[in-house]
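The same chain A turns up in both complexes below, where it pairs with chain B and then with chain C.
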Partner chain A sequence: MTHALIRLTGLFVVIFGIALITFALAHFAPGDKAQAIAHARYPDAMGIPPQILIDIRAEFRLDDPFHLHFLNWFGQVLRGDFGVSYSSGERVWAIFLGSLGETVTLTITSLVFGLTGAFILASLAARYPGSIIDRAAVVIASVGAAMPGFWLALLLILAFAVHLQWLPAYGTGTAAHLVLPALTLALWVMASQTRLLRSFFLDARAQPFMETLRLRGHSESELFYRHTLRHAMAPALTMIGLDFASLMEGAIIIELTFARSGIGSLFAASVLSRDLPLVMFLVMFFAVIYVLINTSVELVQRLSDPRMSEGNGP
Partner chain B sequence: MRAALRRFLRRLSLAVTCIAGAVIAGLWLTPYDPAAADFLDRLSPPTAQHWAGTDHLGRDIATRLLHGGLWSLGLSLTITAFGLVTGTLIGIIAAQSGRIGDFAIMRVTDSFFAFPELVAAVAVAGIFGPSTVNLVIALMIVSWMKFTRLARTLALTTSKQDFVTQARLNGLSQARILLVHILPNILPSILVLGTNSWSRTILAISGLSFLGFGVQPPQSEWGAMLLDGKPYMQSAPHLMIFPGLTVLISVLAINLAGDRLRDLLAPQSM
Partner chain C sequence: MPSSSVARWTRSALTLVLATITSLVGTMTLAEDVEMVIASGFGPTSDVPDPRARQNGWLANRAGVSETLIGLGYDMSMQPRLAVAYENLSPTQWKVTLREGVLFHDGTPMTAQSVKASFEKFDVEGHPGHNPRLSKLLGLESIDVTSETTLVFTTTAPNSAFLWSLTEPAAAVMKDGTDAFPLIGTGPFVFEMAQTDKTYAARGFADYWGGTPKLDRLVFDTIPDASVAALALQAGDVDLVTHYPEPEFAKLQEAGESQLFAVPTTRLYFMQARVNGGPLAEPALRQAISLGLDRDTIVEAALAGVGGDAAQTVFPTNMESWVNADLTLPYDPTEAQAILDTAGIVDSDGNGIRELNGEDVILKIRSYEGRPALRPTLEISQAMLSQIGIGAEIAMGEWNANNDALQAGEIDIHLQAWGTAPQGDPDYFPSTLAATGGSYNVGGYQNAELDELLEKGRTLFDNAERKPIYAEVQAILNRDLPLIPLFHKTQVSVGNGKIEGFRIHPSETYLASPELTIAR
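Then we have the complex of A and B:
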C-alpha cells in the first residue's frame, strides 16, 4: 500500500516536472510574445497600436515573474485549458483533436502489422534456433535497428511510387496514401520487436521446467503455445511500453517524410511558426502519454506477476 | 573474461584507429573539395573519377560523405560522452544520497526522461532556431537520463555486495569506495549503453538534419545531404542511396561492437 502511495506521489511529481520543463522552454523562447498574440488576434492589421500590446501583456500576465506566470499557467492546464493557438486563434484542444485521427490510424495499423510480423518471425526463430529463418530474423533485426526511418521511407517511395508507380508518395486522404507510411513504420516496429521477442522466447525455452514438461511427453507446439508464450509475455509487454517513445518518434519522422497530416506534422509546423501554446500542449502530450503508458504497464505487471509486488520488482 | 574483454577493447580501438585513419587519409588523398561546385559535371552517376557520383551542384559525393563523417560521428560522440559522464555522475550521487535525495533526483530524471528525444530536439532546435549548436544543446539535454537510471541501479546493487561492506569495515572513505570499488564495477555496463546511445544519436542527428532541424544543407552532414538530394530522387537516385547507406553501415558497425561487448560482459545470456 505504501508502495502504491509512493508511486502515485512520484507520478504527480513527474507530471509537475514535465510541465515545469515545458513552460521553461516556452518562457525562454526568443521573440516578443505579445506581438505574436496580437498578430494572431488581428491578422489583417498592418501595425499593432502600443496600447493593445500593453493590454495583452496585462491579460496574459506576460510581465509576471517566472514562478507566478508558471503557477498561473499550470492552474489553467490542470483545469484542461491550454489556451488558443497564436496563429489560428482556435482552441489548442480542437486543433489537436482534428489531427489526432490520422496519427492514430497510422500508428495502430503499423503496430498491428509490425507486431504480427515480429511475432511470427521471432516464434519461428525460437522454435528452430540456428536455422536459416533464425539467422534471417537476426539479420533483419540488426539491419532494421540501424536503418534510418526516413531513409527507409525514401527507398520505399523510390521503389513503389517513382518506379513501379503503384502507390501515391505524398499526402493524406485515401487508403492508398496510408500504405507506404504504414509499411515503413510497420517494418520499423517489426525489426525492433523481433530481436526482443526472439530473446524472450529463447529465455523462456531455457527454463528448467520446460525440460520436465518435455520429458513428460508434451509436444513442442503445446509447450510453445501454453508455456513459452506465457512466460515471454511479461518482459515483452514492458519493452513494448518502453518502445512507445520510439513509436511516436517514428510516427513524427514518417508523417513529415510522407507529408501526411497528423500530430507529427502539426508539431513540426507549430514549432517552426513558434506557435507556443500549441508547442507546449504537444510537448506535454508526448511526455505525459509516455509516463502514463509506462506506469500502466508496470501496474499490469505487478497485478499479473506476484513476484513483482511490494518492492521485489526492479 | 577480463582477458577476453581486454582483447576486445584492443581490437575495437584498432578498428576505430583504422577507420579514423582511413577517413583522414581519404580526405587528404581526395582531389576534390567537399564544397567545390562543378556545374559541368552535375548529377553524374558513379564513375572512375567520382566513386559515388556527383550531386546537383557537381560536388563529389564520396568526398562529402567522408567530410560528413567528421560531423556525424564527431558530434554524436561528443553528445554521448557528455551524457555518459553527466548521467553516470548524477546516478551515483542519487544512489548515495539517501531516500529523500534519491527520490528527488530520480523524479527530476524521470521528468526529463519522459520527453522523447526527437520531440525535445525538434522543440528546442525549432524554437531557438535550427542550427548545429542548438541541435547539439538539444540532444545533450536529453542524453543523460538513461545513464543516470542505469548507474543508480548498478551502484545500489554493487554497494550491497560483500566486498564493499568489507571495504567499509576496513575504514575506507566513501569517496575511495566509490572510486576504487563501485565505479570500475559499473563502468563496463555503462559503456555498453554508451555504444547504444552513440548509434542512436547518429540516427537522431541525421534524422533531424534531414527534417531541417539540425545541421543545415550547405554542410556535408549525412542527413543534410539526403535532404539536398531528395528532389533528384527520380533522375539521380545515387544522391540519396549513398548517404543513407553510410548512416546504415556506421550505425550497424557500432551496434555490432556494442553487442559483442555486452556478450563478453554477460557470457551466460545469448
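Then we have the complex of A and C:
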C-alpha cells in the first residue's frame, strides 16, 4: 500500500516534470511564437500583416514572462482545459478524442495478432531448440526487427492492394481498411516479441527446478504451461508493456503511410503546422501513457510475483 | 404453428426481402454514379470547414463548393465569376455587378444582399466564417447594396489590389449553413461531408449557373505520403493524384505511360540574401552567385527534371499578365568568375576559396524542412558555389528562426519557397520581401527607386498602366538580386487514363469544374 502511494506520488511528480519540460521546449523554441500561431492559422500565407501578429500576441499573452505563462497554462491543464488548436480553432481535447478511437483500434488489433504470433512461434522455438522452427523464428525476428515499418507498409500495399487487389491501399472506415496497417504493426510486434519470448522461455527451461520437476515425472506440456510460462511471464510483461507504448508511437508512421486519421497522423500534422497546443497535449499524452504503462506493469508484476511484494526478491 | 406466429414470420421475411431489394437498388443507383476520387496532400482542418475561415477556402475552391466574386484564369489574369463586371468609381469605391441566375446550394438565389451578408461575417467573432486576415486584406469600410445585383464596396484607403483580393479563395460567397446543408455555396458541387485531415466529399449541383456538372460525386482523400498515393492510383483506389512523386513522374514520362499533367505554379524557390551587412552586401558577389547556379541542373537533381522550371524572374513564364518576359537569369560560371576577379574577390592564398576584405568568403546558408526539394537544392547549390570559389556552410533550421537569424546577421542566405502571387496581384511578393519596411524584408534591402515604383503601382487601377511598373520592379530585382530566384515549382499530376476536363491551375487553388469527369 505504501509502495503504491509512493509510486502514485512519483507519478504526479513525473507528470509535472513532463508538463514543465514540454512547455519550456515550446516556449523557448527558436522563432516568433506569434508567427508560428499565424502560420498554423493561415498555412501558406507567408506574409502575415503586422496587425495580425499584434492581435495574436495580445490574444495569447505572448509577452508575459515564462513563469506566468507556464502557471497560467498548467492551471488550465489541471482544470482539463488544454486550449484550442491554432489550425482549426477547435478544442484540443475534442480533436484528440475524435482521433483516439482509430489509434486504439489499430494498436490493440496489432498487439493481439502480433503477440499471438510471437507466442506461438517462441513457444515452438523454445520447445524444439536448434530445430528448423527455432531457426525460422530467429530469422523472422531478425528480418522483422531490421525492416523499417514504412518500407514493410509499402511492400504490403504493393502486394495486397496493387497486385492482388484484395485490400484498399489507404484510408479508414471498414475492417478491410484495418488489415494492412494492423498487419504491418503486428509483424513488428511479432518480430520483437518472438526474440524476447524465446529467450525468456529458454531461460525458464534452463532453471534447476525444471530438471527436478522433470525427474519427478511431470510431462513436458505440464512443465511448459505450469512453470515455464509462469516463470517467463514477469520479464515478458515488462517488454509487452513497453511494446504497447512503442506501438502508440509506431502508429505515427503507419497512420501517415496509410492515410489514417488517428493520434499518430494528428501528431505529425500538428508538428508540421506548429500547432503548439496540440503538440504539447500529445507529447504529454505519450509521456503519461509511457509512465502509466510502466507503473501498471510494475504493479501487475508485484501482484503476480509474491517475492517482489514481500521485499525478498532476487 | 399458430397463425400469429406465421404472420410474424411472413412479415419478417417480407421486410428482409424489401430491405434487400432496397439496398440492391441503392447499390445500383450508386454504381451508376460517376464518382471521382482525388488523392490530395492536405485535407480539411475540421468536419465543417467554412471556406471563409482560415485557409479552408483552398480546398472548397478546388472542390468547386465555394466561389469568389472574381476568379483567376489559367494565365493568372482576373476573370468574371460570381461578378460579371467591376469598376472603380473613385480611389476607394468599387462597383461590382453580380451574375444573374446564380443559385445557392439550398435553391435560394444569390443577391447583392446575400453577398453583403456573407462578407460581413469576416468581422463577426465566433462565426464560422470569421477571418480577420482577409478583413484586413480587403480593408472594407462599408458595403452598400445599390440594387438586387449591384454593390458598392468602399475601402478605408485607396487599394489597387482590392479586386485581386476578391480572388482569394477565402473571399467566398456563402450562406449560413443548416442541418441539411452544413455549407451553402454556389459552386458546381454541393458540400456533402468532411472528416478532419481525412476526406472531403461533394455532390454535383444540377442547378449550377455554369451548367450541370458531369460528375455526380467528387471526393478528395488526404494521402500525405506521395508514394502511397501513387500506389493507390495503381490499385485503382483513386482516379487522380494531384501531387505525384517527381522521380516516378519522370519515369512515366520517359516510358510514355499514364495520363500526365504538368504546369509551373507561382511557387518560387529562392535565396533571400542579407544585403545590409556581411559578404553579400557586395553586389558583385550576389551577381556571381546567380551566374554560378545552374538552375536546370538543380531542377534535374532535386525534382527529377520535371518538378520545376528554371526561374528567369520572380514570376513564372505562364503568369502572362505580369511576367517580364525579357528577363533572364543565365548560368555562366566563367562570367561569374570574371565578375569576382574584377571586384577584387580573388583566391590569393590558393585554398580554393576567394577572399573578400582579407577573409575567405564562406556563406552561411540555411533552409528548413517541410518542402522536400529544399534540402537537395541547398546541397547542390553548395557544390556549385564551390566551383566559382565561394564556400558555403549549409544547415537546415526552422523557417521563423531562419528569418530571425538572417535579420540578426547570423546567416547570409535563407533558401525558401513562397507563392509569389497567391491572389494574382504582383504587388504582394516584392512589397513583402524587397520594399523598405516590408514585413519579410529581413535581408535589409533598400532601394528608393523600387519603393517608389511599388507605391505608384498600388495607386494605379488600370492593369495596362501597372504592367510596365511591375516589369521594371522585376528588372530591378534581377539586377540587384536581394532575392536570387532559382526555380518555380511545377505541379505534376497523374490520372488513371480516363480523366477528362482536368487542367492544373498555376495558383493551385482551382480544380473542379462542370466539365471534370471520368470517361466510361
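Please note the rule applied: the second predicted complex is superposed on the first by the 266 of 314 C-alpha atoms of A that agree within 3 Å, B and C clash if a C-alpha of one lies under 4 Å from a C-alpha of the other, contacts with A are read in each partner's own complex, and residues count from 1 in each chain.
Everything that follows uses one rule, which is that contacts are C-beta pairs under 8 Å (C-beta built on N, C-alpha and C of every residue); 3 or more make two chains touch, one makes a residue touch a chain.
Small disclaimer: the values here were computed from a predicted structure and weren't measured.
**Student:** Determine, under the contact definition given at the top, whether A:L272 touches first (chain B), second (chain C), both, or neither.
**Tutor:** Both partners, chain B and chain C.
**Student:** By the touch definition at the top of the document, which applies to A:S246: first (chain B), second (chain C), both, or neither?
**Tutor:** first
**Student:** With the two complexes superposed on chain A, say which partner A:Q165 touches: chain B (first), chain C (second), both, or neither.
**Tutor:** Second partner only, chain C.
**Student:** Using the touch definition from the top, say if A:V143 reaches chain B (first), chain C (second), both or neither.
**Tutor:** After superposing on A, A:V143 lies in contact with chain B but is clear of chain C.
**Student:** State whether A:L155 touches chain B only (first), chain C only (second), both chains, or neither.
**Tutor:** So A:L155 only meets chain B here.
**Student:** Can A:S199 be said to touch chain B (first), chain C (second), both, or neither?
**Tutor:** first
**Student:** Touching A:L256 in the superposition: chain B (first), chain C (second), both, neither?
**Tutor:** It touches chain B and chain C both.
**Student:** Applying the document's definition of touch, where does A:I18 land relative to chain B and chain C: first, second, both, or neither?
**Tutor:** first
**Student:** Taking the superposition on A as described, I'd like to know which of chain B and chain C A:G98 touches: first, second, both or neither.
**Tutor:** second
**Student:** By the touch definition above, which chain A residues appear in both interfaces, chain B in one complex and chain C in the other?
**Tutor:** On chain A, the overlap between the chain B and chain C contacts is residues 29-30, 150, 154, 157-158, 162, 256-257, 268, 272.
**Student:** Given the complex with chain A, which residues does chain C contribute to the contact?
**Tutor:** 45-46, 53-55, 58, 132-133, 136-137, 195-199, 221-225, 227-229, 231-232, 234-237, 370, 397-401, 403-404, 418-419, 422, 428, 432-433, 439-440
**Student:** Which part of chain A faces chain C closely enough to touch in the complex?
**Tutor:** Listed in rising order, the residues of chain A that touch chain C are 29-32, 35-36, 39, 41-52, 55, 87-90, 95, 98, 150, 153-154, 157-158, 161-162, 165, 168-172, 256-259, 261, 265-266, 268-269, 272.
**Student:** Spell out the part of chain A that touches chain B in their complex, as residue ranges.
**Tutor:** Chain A reaches chain B through residues 6, 10, 13-14, 16-18, 20-21, 25-26, 29-30, 142-143, 145-151, 154-155, 157-158, 162, 199, 202-203, 245-246, 248-249, 252-253, 256-257, 267-268, 271-272, 274, 276, 279, 282-283, 286-288, 290-291, 314.
**Student:** State the interface residues of chain B toward chain A in the complex, per the touch definition above.
**Tutor:** 103, 107-108, 110-112, 114-120, 122-124, 126-129, 153, 199, 203, 206-207, 210-211, 223, 226, 230, 233-234, 237, 240, 244, 247-249, 251-252, 255-256, 269-270
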